[in-house]
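One structure, pasted below without further comment.
By letter and in written order, the chains are A, B, C, D and E; residue numbering begins at 1 in each of them.
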Amino acid sequence: MATIFYIIAAISVISALFVVSAKNPVNSVIALIVCFLSIAGHYILLNAQFLAMVHIIVYTGAIMVLFLFVIMLLNLNRASEPMKTLGTRVAAVLSGGLLFLTLVAAIRNGVGISPANDFDPGIGLVRSVGMSLFNEFLLPFEVSSVLFLSAMVGVVLLAKKEGSARASTVEGSAALTEKEL
Amino acid sequence: MSALVLLSVLGVLLLYAGLFGKRTLLAPLGIIGLLATMVVIRSGWMMNVPLVGAMVRFDHFGSVFGQALTLITVLLFIFGIDYYSRVRENVAEQYALIIFSLVGAVLLISYSNLLVLFLGIEILSIPLYILAGGKRDSFRSGEAAFKYFLQGSFASGFFLMGIALLYGSTASLDLATIQASAASASGSSHMLYLLGLFFTIAGLAFKVAAVPFHFWSPDVYEGAPTLVTAYMSTVVKTAAFAAFHRLIAGMELPGAIQTMLVVMTLLTLFLGNIVALRQTQFKRLLAYSGIAHSGFLLLAFLGSDPGAPGVLFYYSITYSLATLGLFVVLTLAKRAANGDENIRIFRGLYRSSPWLAIVTMLLLLSLAGIPLTAGFVAKYQVFLLGIEGGYILTTAFAVAMALVGVYYYVLVIREAFTPREQAPELVVSRLNWLVISFCGLAVVVLGLVPELLRF
Amino acid sequence: MVGQDVLVLLVPALPLLGAVLIGTLRKRLSAGLAGGLATTFLAGAFACSVALFLSEHTELGGRTLRLFDWIHVEGMMIPFAFRIDALSLTMMLLVTGVGTLIHLYSIGYMHADGRASTFFAQLNLFCFAMLLLVMGSNLLITFIGWEGVGLCSYLLIGFWYTNPDYNYAARKAFVINRIGDVGMVLAMALLFQQFGTLEYATIAEQAGSLLTGNHLVVLATLLLFVGAMGKSAQLPLFTWLPDAMAGPTPVSALIHAATMVTAGIFLVVRSSVLFELAPVTQDVILAVGTATALLAASIGLFQNDIKKVLAYSTVSQLGYMFAALGMGAYDAAMFHVVTHAFFKALLFLGAGSVIHALGGEQDIRRMGGLRGSIRITYITFLIGTLAISGLPLLSGFFSKDLILAHAYQYSPVVFALLLGGALLTTFYMFRLFFLVFHGSYRGGAHPHESPATMTIPLIILAVLSVVGGVLNVPHLLGGHEAMKHYLSTAAPALGASSLHLAAAVEWTLMGITTALVIATVALTYRRFAIAPTLDGDSSSMPMPKRLLAERWRIDEFYAWAFERPFGWLSTQFHAVGEQRVMIPLMVGFGAITLRLGGLVRRIQTGNASFHLLAMLAGIIIFLLITLLSN
Amino acid sequence: MEQDIITSIRVIPMEHYLMLSFLLFSIGVAGVVFRRNTIIILMCLELMFNSVNLLLTAFSAYHSDPRAQVFVFFIMLVAAAEVTVGLAILVMMKRNVDSVDVNQLNRLKW
Amino acid sequence: MALLALLLIPLLTAMVLLVATPTRYARGIALFSSLVSLALTLWLWSNYQGIPVQALDVEWATAWGLRFTLGYDGVGLLMLLLTALVYPFIIGAGYGERLQHPSMINALLLFTQSFVMGVFTAQNLLLFYIFYELALLPVFFLLLYWGGERRRAITVRFFMYTLLGGLSLLFGAVYCLVQVEGFNGDLSALATLDLPYDTQVWLFWVLFLAFAIKLPIFPFHGWQPDTYTTAPVQGTMVLSAVMLKMGLYGTMRIVFPAVPLGVEHWRDTVIALSLVGAIYAAIIAFRQSDLRRLIAYSSLSHVGVLCAGLFTCNRLGMTGSLYQAFAHAVLAIGMLYISGALKERVGSSEMAAMGGLKARVPRLAVLFMLVLVNAIGLPFTQSFVGEWLMFAGLWQVNAWLSLAAVSTIVLGAIYMLYAYQRVMLGTDKWEIEMNDVSLRDHLVLVPLVTLTFVLGVHPRPILDLVEGPVQVLLTSFPTLN
């Protein structure tokens, strides 16, 4: 079992690295998808099937598609990015690495979290998650609709062409946001 | 809760009003709705009962801040009537977005669960990202929006990491539980807790534009439409500070975090004031002065004194009123000087419209903290807290920085009162005049009778 | 007794009244009228003084007339009070008497001047101040007069204000006097701390308990003497007096010969009790006095300005008085003060008359042979000259001889020095006299005798100079030192000094002095009366003589040593101290902060990903702080 | 099946999950900081969020507490909304300056 | 109540002037109000029994140590008297001809009066500070609007520099309020703080800095000459005649009781500094070519002696210093007025441009001389009384300090007489016709001169006034006396 974990972990890290380093946006999108899939694998390993599903649908299904969509739309699909000055790159990599090291150093001598003994294998299932979502997390769930509403309106505001009729775009963008979910 | 519902509905209503092109209805509708919200909050309906699953708690703190925030937003809307009269389209959306982000603000001042805190921040921010880019044809506006978005999401990434770690160490998302376990947290899991707290605070520090997480604020303030900037520097800042305070009020912070906060305070005080000295663009100047004031506010709850929330409230509200008034004046002056934002545009203000100049002076003096204005009382209380908390040298530094701060405000006053041949012809709509005068008077009255704003 | 008090009050009040009256009405009053008023006021004062002199029972040691509390603080009580005793009465008589004469004289002298009324107002004011000085019952009242006369002297020296040199002279006089005053103020502060009062009487009582040489008393007396130096033009503060001749001649006569300059002597006599306790100070006074006497006399030898010669002779005579004080012969000093007042006033007025006669000419090289044209002046001037040279039976003889006798008794060396000084005096005075009145006239004007208002005072003063000696005839000549006895009631020290020389010795001293003086007169007669040898420009003289003619270059030295550096300092302090240090110091903070702002501002590069990087760096640093400090 | 999962959780110490998510997080951060292509920056942001998600899930499994998973769910929602807005801004930016290079945005400074 | 009236009369008059700008009658109205407050103050004086008066005590924000407490003792009354006395002259001195908006300048002057009165009557530390800062604002505008050249820079410089002191005072006040249990900011309670020695040693400077700058004493005077020169005559009058006294008063009322040990510790330093400044300024004044600047430096010199006198911490010195404060106010008004009068006639305050004026304006010359006599402290003028007391006091501290102080009378004579010569004396070289003293000149100068001599001959009233408070102060320096 453990071996599976390490394999998936390796995959996700490598793909993540690729995302960061790929010249061509399209490639890094692909890499990112791979990464997300591996993470979904982790979810399954952790017995969070519901999350795994949602994860795959939302990210790989919607967000990544949206990314590709935009890339194609603005045809950015070539390695058009002039690299930054060496200094910044080194600085960035260093600081990233440094961050990692500090964090690891912080937890070097364990965090003392061992699995709960009365482990309920059912927590990751739709039922338990749903229960807690619609009981104690009802309010956030409702409120989050405001989030989406504003996101929708925002997209209308920002992304639409100048001076086009209002109504149509509202629906258009609404549709767009529907697709995201 | 009721406030949340009201506001959300209000937002939607505004959207529809916009959809059916009832432009003139928008602001009045919004104002009425906001006033209604205020009343509801004031009446304290469902006060102090933990709502479904202890997600939010409308305690005294929440309701007081809630009223203040809605009030300021009302003022903003009044200002907006004139402000948006020149914008062709999407007015409704902008109003709606402001309302939506106000929902986030309300969550921030009343959350009792980290999830709500997170949601609140996001609901507060996402509309702002958009509003910052409100002037779609303007490059600066776009740049502001993007920078804000980029740094914002970056910060919330860390913030999330913080929450995750907190959860990891306490196995709970409930604020009370987490605060409680501040003391008990020890040993190796202590580390997680510390890291979590650290990242969470960093995330909030970003919202209140504390150095070194301030980079977004000057750029965004300058680039965003003035009304939005006003909104950001008043409601958002206040809400963020409220949230910040809510997070760390109940617990005695670990020494490490304590030092971090002190250093952060010093840096914020220093950078904000020092850099503001060299600003010639008024909006940018206000941005840096805003950073400086964040420094003072941070000083207020360094010593986690029981009196802190009162001071925090008084300070942030008076500060908001002063800044709001100044932004309105700026808008008018800017129009008169067709688009220039340099402080030179204030020159000769006293000649052309004495009352405006005097109010401007009052507002600036209040920001500078000269006696008999609210700003003085606020700063004074902060110094009291600082010394009571035993941060004598830090307070001394703050005092010195307050002096530095006076300089750039005085420069503006000097401009306003320096005679000039062709004084700027400001056209002041009645409503704007109302808003400005209200702010000016409020600043003086609150300075004379601080009890009015008793927490 | 009330009448007495009124009289006492009137003495200073009348001149003050005159000053205020004339001062306020000066626009309406004519020169003559103003002069008349001033003279009458002062004459009134004189009358009061005489009345007091006759009626006061000074033998009881005098009394204090207390008017009101002037400065009254817990622990410091300075009443405004007058002390009426022999000393003050003498001085009052002197001031008012000589003052009246000089006022009278001025009527004639100033009749032509447009601002005569101002002049008289100031003159009266001076008399008022001088009277305060001599009547004050404590040091602070004396100090009022002290400064008052200083101010008046300043005003009167610079009376003709359009001439910058005169203004300079006036300022110089005032400032140098002020330097003396520093000493005086400190002395008062010290005495106050010491005795808790400034009343002469009280101090005198308490001083009895102190033993001789008490270093605080020494310090106090030294400081007092510094004050006296300034007022009485003693070395090294004497340079102002010759310059003070810039003022109208009556001023020179009244202020710079008869009264004000003797204030120093008065002060020392007043506080004789203290000086008696401080032998050190007395030696200092003696040394300074003798030195001044000789130096001034030596300078007097070759001056060509008639008033300058008289000025230096005044300085030298003052030197004599201080020498006397230094030897503890207060009576002699006072006696000389009186006689000197007579004949020096006479001389100055005479000089004034000469100048008046020649229409403003002051250079004796352009005079000569005036004895024919202005007789009265000639005769009176001759008397004055004889008196100052100390020819027997004239007032000067008695006073100077007394001092010399004391000197001999003190030490032959001092005697020799002072005798030398006396001879020098004789020399330059007769040089002056002969050059002015004998030989043939070398000028271009048409000399004419002065009006009666001027000649009458001359005559009166001449008489006084002749008979003044009777005030204090020594036992040797059958007298019984009346003045000494009179004064001794004021303070024991005044009577203390006693000559116990054998009669023969005294006779020989007198003989020697007289003989030498006459010889000197003969010498001068040969050199200046028959065939006057005139000095040209000083630069053409042989060295020692030139040095004398150029007044030892002391003025130049002071200018070089004090005035120029002071000006330089003033400029530098402003240019460097203020402009380069103080103001930059203040602006500096702001400037630095602004500069700092300019630098820090740079980190806001506006590059989004740099900002991210910066934030990240911040986070990491804080993280490290947190972890390490944990 | 369940047993396997339980055992897997037993055998894999929490620290490893922590390290993994930290690593992903750092990679994301580094990417955000040093890429210039806005699109990729957005992706890196997503990466950061996901590392957090992973961590939370792990915690929830170890604390056997479903709430964290709900939290993850919310994070996903927010991330979706955020990315939408981000892309919209990006589109607008592309329209203003015909580029998606971060360095183009440097008018506002000092 | 009378005190409240003292504060309100000028304040309300100023408001009225600001709102209904009665350009023509502005000065008249202002003059009237100032005369009323003068009368009121005199009335207060006549009913003063020599015991401190607590007039008014109203809750304000007691929570953090602010009460609206008004009152006065002898010194406060002296200061009130001084303020009320000089203001009619200051307002009367206005050369309204050249100034635009006379109503505004008068309003600003009245504002300063009200706030300064507040400073002198406040019995609460914070209230004191509030008035102290408020008094700054009107001056700021006086300078900004009616100042001479380079006024924009100098104004801000002055404002910032003075505020530096103010804030440090605030910090000190906060420190006291927090650190000392049960200290409610009441000035009378200051004496009971008894902070530890080493705290007092540093707190002394924190508190004193404000007043050292306000006075100003030697190293803190950077702002003063420029400001005095640039400000309008009336502004300079306010600064030197009244505001300067705030420094003195504050030192006496706050620093001495609050940190007596600190005062003892720093006494000699401060005295030395002040005297160095006094001499330094006097020397500088000698070569100044601008009359206003010369007056500025002379004032600096006088203040040096003043401060030294205060810090003797013995009865004579403090009494003298307080008395001298009064004298200096009268003197400053006179001097500045004359400089203004001359400027009006000659068109500049450059002394090089003057000279020989005595022939043209003999009466003015006389008045100048009479004022000047006070400046160089001749007997029978106020200054002499004050200076003599201070010298005597200083002597008891240290003979050398006393020598330094006394030497200023020589320097004073030097520069003053030189100035007088340059202005008045010399040959009359004026073609233009200029009129001698006008009625207004008489109305301003004659009373001042009279006052100078009356109080010089009969200083009792003032001296009695300050006796009690000085006695009280002395008790806070047991080891020194």
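Assume a residue touches a chain if its C-beta (ideal position, glycine included) is under 8 Å from a C-beta of that chain, and two chains touch if they have at least 3 such contacts.
Because the structure is a prediction, the values reported are computed rather than measured.
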{"item": "Set of chains whose contacts include both subunit E and subunit C", "value": "B"}
{"item": "Where subunit A and subunit D overlap in contact partners, by chain label", "value": "B, C"}
{"item": "Pair of chains whose C-beta contact count is the highest in the structure", "value": "A-D"}
{"item": "Relative to subunit B, chain with the most remote C-alpha centre", "value": "C"}
{"item": "Centroid comparison with subunit D (C-alpha atoms), farthest chain", "value": "C"}
{"item": "Intercentroid distance (Cα basis), subunit D paired with subunit C, Å", "value": "100"}
{"item": "Centre-of-Cα separation between subunit E and subunit B, whole angstrom", "value": "44"}
{"item": "Intercentroid distance (Cα basis), subunit E paired with subunit D, Å", "value": "68"}
{"item": "Where subunit A and subunit C are represented by their mean Cα positions, the distance between them in whole Å", "value": "104"}
{"item": "Contacts with 2+ other chains: residues of subunit C", "value": "590, 601, 604, 606, 608-609, 612-613, 616-617, 619, 623, 627"}
{"item": "In subunit E, residues with contacts to at least two other chains", "value": "160"}
{"item": "Junction residues of subunit D, two or more chains touched", "value": "14, 18, 25, 28-29, 32-36, 41, 59, 63, 65, 67, 70, 74, 78, 81-82, 85, 88-90, 92, 102-103, 105, 107-110"}
{"item": "Contact pairs between chains, per stated definition", "value": "A-B, A-C, A-D, B-C, B-D, B-E, C-D, C-E"}
{"item": "Interface residues, subunit B side, partner subunit A - complex", "value": "1, 4, 8, 11-12, 15, 18-19, 51-56, 89-90, 93-94, 96-97, 100-101, 103-104, 107, 115-116, 119, 122-123, 126-127, 129-130, 133-134, 136-137, 145, 168-169, 187-189, 191-192, 194-195"}
{"item": "Contact set on subunit E toward subunit B in their complex", "value": "61, 64, 126, 129-130, 133-134, 137, 141, 144-145, 152, 155-156, 159-160, 163-164, 167-168, 170-171, 174-175, 177-179"}
{"item": "Footprint of subunit D on subunit C - complex, ascending", "value": "601-602, 604-609, 612-613, 616"}
{"item": "Partner subunit E, residues of subunit B touching it in the complex", "value": "365, 370-372, 376-377, 380-381, 383-384, 387-388, 392, 395-396, 399-400, 402-403, 406-407, 410-411, 414, 417-419, 450-451"}
{"item": "Contact set on subunit E toward subunit C in their complex", "value": "157, 160-161, 219, 221-223, 225-226, 280, 283-288, 315-316, 319, 356, 358-359, 373, 378-380, 385, 388-389, 391-392, 394-396, 399, 402-403, 406-407, 409-410, 413-414, 417-418, 421, 424-428, 457-460, 463-464, 467, 471"}
